[in-house]
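Here subunit A shows up in two complexes: once beside subunit B, once beside subunit C.
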Partner chain A sequence: MIGTSLCKWAISYFAAAIVWLLLAEVLMVAGFGFPNDDIGGPDTLVIVHMVCIGWLSMVVCGALFQFVPVLVARPLYAERWTLPALALLTLGLTILLAGFLALGGHINGPRWLLPVGAGLLIAGFVLVVANLGMTLWLARPLPGPARFAAVGLACICVTAAFGGMFSLVLSGAAVAARWPELLVSGVPIHAIAGLGGWLTFTAMGVSYRLLAMFMLAPDSDARLGRLAWLAGAAALAVGVVGGVLALWRATGLNLVLLVAGAAALLSLIAYGHDVLGLYRTRKRRALELNTRMSILSLASLAAVAILGAALLATGSFQPHVGALVFLVAFGWLTGLVLANLYKIVPFLTWLEAYGPVMGRVPTPRVQDLVAERRATKWFVLFFAGSWAATLMLLVDAALGFRVALAVVTLATLGLGEELIRARRLADVAEPLRLPTGAAVPHLLISRN
Partner chain B sequence: MSEFIDVDVRPILRAGGEPFSIIMAALDRLAPGQGLRLYAPFKPVPLFDVMASKGFAHQEAELEGGEWEIRFMPVGSFEAAEPAPAALADGDWPEPVVHLDNRDLDPPEPMVRILAAAEQLAPGQTLSALLSREPVFLFRELTKRGHQWRGGFTPQKDVYQLTVRVLA
Partner chain C sequence: MTANDDLVTQIRQALKVVIDPELGHNIVDLGFVYDVSVDDGVAHITMTATTRGCPAASFLKEGVANSACLVPGVESVDVTMTFDPPWQPWMISPGVKASLGFAEVN
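Presenting the complex of A and B:
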């Protein structure tokens, strides 16, 4: 192992992602898309793809570029592919969103916007998957957390492939007329592979290592995470393969979704059990803010499992699927990502700024780069707003949803500012802030 | 008689097994003057002390994929053996001057303490540290400062043993 360097563009991915998140939140506050618009309508698709690709996928890509090398103790396969991938994803998403806006009649645009945008996004994800995939491939046999990431990478391929086909159908390409059922039956697979496989499963895997690292909890037991991985991988395999088979035979998806859902529930229960175990066996008694806020996002995930099961049992899944997806995207994924960014960004900044002089002169601690008390209120607002917004969707209160989203937006802005302050070393007390030989890092790029 | 008995513990460790007794059993089979060639998925640092106490010196070579080939020879017989590769010619490192136990420190404090301790050493001196994880971000700083290091997990995978040699 030659050691892990800083991924030069990881911070750029994080910054681009936060801009997309803010943009999506502002649009939702303004009443754009669901619940004012149809859940499958073009306006909602704009928001969904801003959040899932622009925010969540970008931030996960940046985090994986930095932390997959840590998970497998190997350097990233091709650091030079990370910037082109960022450019392709950004450009592809912009064109895809323009395509949705044209579809919704907001702008005049040619029909090829959607397939071209989707094509660029697929190219970007191919670069990401090839890069991370080769890194993992060369590190076999994989440790537990990296196996989650491997399944996640397979799922983003499925998601992107379906997305590409949808873009052809929606743009009215002749080739798409042969699969009239594709859009109806394919969307659940697209969503399960994307939100469940790529985003949730990857986040679960990485959180095993990050939580153990931050709490000093023992995670050397090879059995840790095995049941969660097996059940989750089975759920995704059943959901995706079964979904494709159901699509091909044009039969209903319900049985497939029921089996996949049961396996997913088992996976989440095993994951919850493992995470509670990590909290219990930790050596670090006092938890930092990022770990405490991760608990709230995990609570959201538990709520997703309970709510999902309850909606299925009462037969009211379909009308409330929007609330469930919102809770997955915000309470669980966005909450977890923001909590961890609040640790990762100061840590990478600290390493870059003070690494060269560490041990030679007194340097601040990582905790000195952040002001937890100030950030706590933004996190509280974020989670309260997200849970309130979910509730408003469940009771069909569109205006209440927008008010709750305004609180979420304010909290996101506040946390964004905290991250910028950490990057600028703005909260470090003066005598220690810039010893000779240390420099303030660039806001958006890491120097090695 | 071949010069070495080969022991490959990689499949044993992959299967979650315990290779120590197999290595010790192989030692018992060695003819006088014969060496042991060990293949391991990580550098078996703790074994070096055990083998030294039994009168064996070692040469190490990193293989592809982070695996290691270690040759243990009865002390004094390396001169007669084939010349060591250039990368291994720096000879054995001196005994560590400083011993750190950083296992229970909050990250990234272990890294800070190792770098601070390294600053206090004279050129060529070494320090040893026990850690609960592989210090992947520390390696980057050590490389930049021109220091060398050797490290590896104990077979139980719960302690990472690191030796740092300050730029001579």
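Presenting the complex of A and C:
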């Protein structure tokens, strides 16, 4: 197959995701949730799920709907499932958050809000996994990056299953009375599968292809990414399967987490080695802003590995786990996603606006849809704010964390505006902006 | 130079209006156009793209057909998209390589 079509709703996923991110950031600036509240308390759960489902999962789903077909050179299995999935995820998350707010005493609401919200979220993720899973299944044998995505899809199933069970426990459902330890012991598995498997492993896989494409780096060697995939998949299998067995046998998770952590570290080292190799062998020496900013997110991932190992070695992992998770969610994942959205949104917008008139009239370049110099300051503020916020959490400075988050929020608003300007073709100079036959795309939906 | 050679040159020149949106340069200088020939007013163009599944690939193919059609003397256009051989960065013209910041060592 040559070429794939635009996913009509990918831009809608991105827009919804950015709204959730901004909401979460504003709440954190206002002092809602951790570190002012308990790390496992209902208020923190509101923030965590806004960031992990509303922001990161939504944006990853939208990106995978557009990018998995590119990876495997096949069309998406069912484009028509993408909008119902978006609706289910949005509604499910809203109800789940209402359930957490009720649990925290902020609103009056029935206990069933949590399992109903979780049920709708599971239904949404089932549609996402079935759609992407069938696309991958029909494209076997899979190229390397797609194999990372396949593991990521398996992990979101585990994450969602645990989330569903937690919602039953928290709602006091009779059926959950048989799992008294689940909430304490199951959370690490839920977090490893979600943040580690679904979000990080998927992002790692996709970044192999994106970095190679953007930098014109050779990536045809079948060995590229193999060790990172094997070690990462082993880490996730040990963490998830071993974790479930340990839960079942009530033997404790320490050994499982140690083995999984060692394999994860090996995977990250192999990934770091591969990425450095791509940078070293790239043909395109002049890097664009998205690739330069991806380097900062990769530096955050390296910092996660070093900080995590140091906290474990010094026996201070537990009191600082919040700082580590924040660095994973913002410095690494959010940074990487924002850097890549800064390329993906203008690219999809270009295809919509200028693809149909190509060959008939001169067209601008994708680079003409953005103003890198203006956006650079927002990225610098974002990463500086994220790293400062992590530091504030490490030294237990709650007010300092909120100030740093205010900087992150300002940067997110700035980058959001940059993406809207790209969508509006606002930075494209005349006379190339709207040649005959071209039209400004809709802000929230793609014409495909 | 025969009339056909002249027409092929004009077609190659016309194809320069088609750009790879990501790399930001025209597809002729990027080395995407593998072959152009003309037979009884029918232009046969063999081309490639950076990635088989790229959503820009079909637009590039249409763009090539559109631009070649505008050349006087071309009655119809037949575009073949191939990935054999796959496109490689060394196919880029020296001038574009320089503007993309290609390192001499690579």
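Just so we're on the same page, the second predicted complex is superposed on the first by the 447 of 448 C-alpha atoms of A that agree within 3 Å, B and C clash if a C-alpha of one lies under 4 Å from a C-alpha of the other, contacts with A are read in each partner's own complex, and residues count from 1 in each chain.
The definition used in the following text is that contacts are C-beta pairs under 8 Å (C-beta built on N, C-alpha and C of every residue); 3 or more make two chains touch, one makes a residue touch a chain.
This one's a predicted model, so the numbers in the text were calculated from it and none came from an experiment.
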| item | value |
| --- | --- |
| Subunit A as common anchor, with subunit B and subunit C clashing or fitting | clash |
| Touching partner for A:410 - first (subunit B), second (subunit C), both, neither | neither |
| Partner chain in contact with A:222 - subunit B first, subunit C second, else both or neither | first |
| Which superposed partner A:138 touches (first subunit B, second subunit C, both, neither) | first |
| Which of subunit B and subunit C A:285 touches, first, second, both or neither | second |
| On subunit A, positions contacted by subunit B and by subunit C | 1-6, 69-70, 73-74, 213-214, 216, 283-284, 347, 350-351, 355-356, 358-360, 363, 365-366 |
| Residues on subunit A engaged by subunit C in the complex (per definition of touch) | 1-6, 66, 69-74, 213-214, 216, 281-286, 347-348, 350-351, 354-356, 358-363, 365-367 |
| Subunit C residues touching subunit A - in the complex, by the definition given at the top | 17-19, 21-22, 24, 49-68, 70, 81, 89, 100-103, 106 |
| Subunit A - residues contacting subunit B, complex | 1-6, 69-70, 73-74, 138, 141, 213-214, 216, 218, 220, 222, 283-284, 347, 350-351, 355-356, 358-360, 363, 365-366, 448 |
| Partner subunit A, residues of subunit B touching it in the complex | 14, 16, 65-66, 104, 106-109, 111-112, 114-119, 132-134, 136-144, 156-158 |
